[in-house]
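I have a structure here, written as structure tokens, and I will follow up with some questions on it.
Going in written order, the chains are labelled A, B, C and D, and every chain counts its residues from 1.
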Amino acid sequence: MTGARYIADPEECVQSVALDGLSVLFHRPSGMTHIVAPPAPQILEALRMGPADAGEILARMRAWYDLEGDEAADAIEARLEELEAAGLVSRP
Amino acid sequence: MKHSLSLQIGPVAFRIGSTWAAPLDALARLYAGYPEPDRICDFTVRLEPESPWRRWVRPSVAIHGDYVLPDAAPMSLAHGLLAAEMGMNLQMALGQKHYLLLHAASVEKGGRALILTGESGAGKSTLAALLGERGWRLMGDEFALLDLDDGRLRAFPRAVSLKNGAIRVMEREVAAERFGPRLDGTPKGSIRHLRPNPRALEAMAEPARPALILFPRFGEATAVRPVGQAEVFMRLTQASTNYVSLGGAGFDALTKLVDACPSAAMDYPDTDSAVELVETLWEQAA
Amino acid sequence: MSGTDNKENGGSAFVPSRRTVLVLGAAAASTVVTIRPALAQTAGSVLNCQIPVPGPHAAGSYIGPDGSLVAPGTPGAAPPLARPLNGEEAKVLLRGSTPAGVNPQSAQAYANYIRRLQAGMSGFTCYASLQMPR
Amino acid sequence: MSGARLLVSALRDPASVRDGDWNALIAAARAEQLIGSLAFRLEGQKLPPKLEAILNAARRDANQQRVQALWEAEMTRRALAPLDIPMILLKGNAFHAAGFGASVGRSVGDLDILVPRESLVSVETALIGAGWERMKDADGYDDLYYRQWMHELPPLIHRTRDRMIDVHHTILPTTARPTPDAGALIADSLLLENGLRVLSPPDMIVHAAAHLFADGDLAGGLRNLWDIDRLLREFAVDPGFWPRLAERARLHQLSRPVALALRLAARLYGTPVDPSLADRGRLTDRFFEARLLARNSWGQPVRPALRFAFYVRSHWLRMPPLMLARHLWVKAKS
């Protein structure tokens, strides 16, 4: 299945500080602060390699991490929708 | 305006105008001994009738100024002092863009500041007032101002606003001359203002480096619990009236504060054990 | 400067280290919380305020259990309150209790209605002011 | 000197600002939502340090408002992108998106956009799908009033960002006497590099003048007139601008408000304008000027009778008399 493709802002648009396992992000284009939990920061990192759909993102993340969890693609889709609503990713 | 008065509180100067003399007379008495205000004021507050005839008929004070809230209801002229205080609060809450404004009490010792923040009724105001009489310097009971450039806390020692039970606690501690009139039947119950002591006023221009953040809660058995940094960050953004509007500068200042400062939540059953608990936690943090 | 801070600091969740285990979690588990300005920003120390439930724009509407406006007489919905709530009553509701004169079965719906108030709606600044004591 | 008068002369000629009533200047600038514009205008002047600190905070705040305004426009663009229709930013958002001089320090509140009338329903559906909510009950008189007669949808507010959007299909209420050519506004709009659209320069002036003199009661008028001053100075560099402005003002049936805007901008801010467009001054210009300057050194509104007259005028302009009567009747009962 190929879902919607997404893009993320370049790295310099997001300032990040790690606080006990969570990331606090300052998103410069919006001036908004988001507190994000894994796997959201990892999805953003994977998207910085270029536009991708959930399946491609999963493949990129598998190269870096041992992934745990069933219905991985669904979980990634759900995270992408959240990140899209927050304005951290968009459709090209 | 017919009557006017300027006040300097920490780094902030207010210009307060009023249709009636009484609220400003009360304000001048309460703020006796404060330093001469800057000629240029940060904010203008206006106490004026809601409509022209309300100046005479059942007079009610509308709180206006540089920044206003649309739904704010007017107050009785008898509570004009409170209206003036609220007018200043309102300007700070809506218009302060120079410092990161935290809704928190703060006290200082040895150049280092303790920040007390928490929900309404947590007792931080009373606790700060009490600490201010017992060896600490009161920096403020309501707003703490974090300098965006150097990360230090600036004092904002306005008159402490004591509510209901807290009034008696402080009346036992402080001479009568430092109190304002007791205001009964205000929308939040009985209120009495307390002028900070001379030490707090003399040192109001001296900043302090934040050293400990506490989240006190009144009415529970004594307990201390750690609070994770992410939670501290989240709570402080919710305690700030201007975090979002400061953008990146606010983010930098707040993440640095959370990173540099230890913090804890503390429950306390009464004010004496609270003071004791604060001293213990302060020593541990040092 | 951006996410690279974390790589330099080390130990961050960002670091693409091959042996790290990453739990994806359930689709329904939310992972993004956005810091909102509205309440804190508009919060002033406004005392004497009132919250009509519902506001004049929706006079006559009933309040669903989630706080939404629904047609009058909708089963399971709470009727409009005869008079506006004052700040103290709203606080009691938001704590999960029932103020005097309010039907306990409807309290949850009213509390949710108040939570959903937004800038520009009648009662919003009152709700906002409750976030700040005094 | 009145607070508003102080503000106008400081904006017009920053070098003229001398040690004066700074508190009055600040109060008036905040009341007129011009503190950001003033702060940038006075940058580089020799000022007392305390005033400099206040203006510095205002500049920082204005920059943050700019970020928020552009972001709201971008999120709206994303929400409407699947519809593939022109979405044109209006007023403050447009100045910021286009980077015009008028955007320097300009405060922005709601987002105003213009879309083709036939797309209104799909625009509303798309916005609601992307997190915007109706602020008012869909069945009320207000809603009906908006849908039947106004030039916009009932306002929507975003669920998490708490920002309002006004979706217009033209620039004046359909009941107002002039009928601007909405199709021409859209057809001539400019596509910016960032994918956003704004009105063409002459249409932007026509809209600003319509908004100021043919729609509202002149509340906040000093800011709108300052917009017009900044825009005209920038646009008039192009020698073909004035004739095109004349032509567009005629097309949109708004030559008189445009002429009035030019005269008042010249009077208050010293804006260089084409005399043939500005027309001869009228006796009534003085009332407009007095209304715009009705604010004292405490930032208080003054001249209540004059304000009320302009309030009534604004309703008169928007509605035919019978409808006005019905509107006021319904409002009075609620």
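Quick note on the criterion: a residue touches a chain if its C-beta (ideal position, glycine included) is under 8 Å from a C-beta of that chain, and two chains touch if they have at least 3 such contacts.
Given the structure is predicted, the values throughout are model-derived calculations rather than measurements.
Tell me which of B-C and C-D has more C-beta pairs in contact.
B-C
Once you find the CA centre of chain B and the CA centre of chain C, what distance in Å lies between them?
Roughly 25 Å, centre to centre.
Rounded to the nearest whole Å, what is the centre-to-centre distance of chain C and chain D, using the mean of the C-alpha atoms as each centre?
Chain centres of chain C and chain D, defined by C-alpha means, are spaced 32 Å apart.
How far is the middle of chain A from the middle of chain C, if each middle is the mean of its Cα atoms, in Å?
Computed value for the inter-centroid distance: 27 Å.
Averaged over CA atoms, how far is the centre of chain A from the centre of chain D? Could you give it in whole Å?
38
Which positions in chain D touch two or more other chains at once?
If we look for residues of chain D contacting two or more partner chains, we find 64, 67, 160.
Of all residues in chain B, which are in touch with two or more distinct other chains?
Within chain B, residues 234, 237, 243-245, 247 contact more than one other chain.
Please list all residues of chain A that touch 2 or more other chains.
As it turns out, chain A has residues touching two or more other chains at 15, 17, 21, 28, 31-33, 35, 85.
Graph shape for the chains shown, where an edge means the two chains touch. Line, ring, star, complete, or other?
Contact pattern: complete, every chain touching every other.
If we count contacts the way the header does, which residues on chain C are in touch with chain B in the complex?
For chain C paired with chain B, touching residues are 33, 35-37, 39-50, 86-87, 122-126, 129-134.
Per the contact definition, I'd like the list of chain D residues that touch chain B in the complex.
My answer: residues 22-23, 26-27, 30-31, 48, 50-51, 53-54, 56-58, 60-61, 63-64, 67, 298-300.
Touching chain C in the complex: which residues of chain D?
133, 135-137, 140, 142, 155, 157, 159-160, 162, 164, 334
For the complex, give me every residue of chain C touching chain A.
Per the touch definition, chain C meets chain A at residues 1-6, 9, 11-14, 16-28, 30-35.
Contact residues on chain C for chain D in the complex?
34, 36-38, 56-59, 61, 69, 118-121
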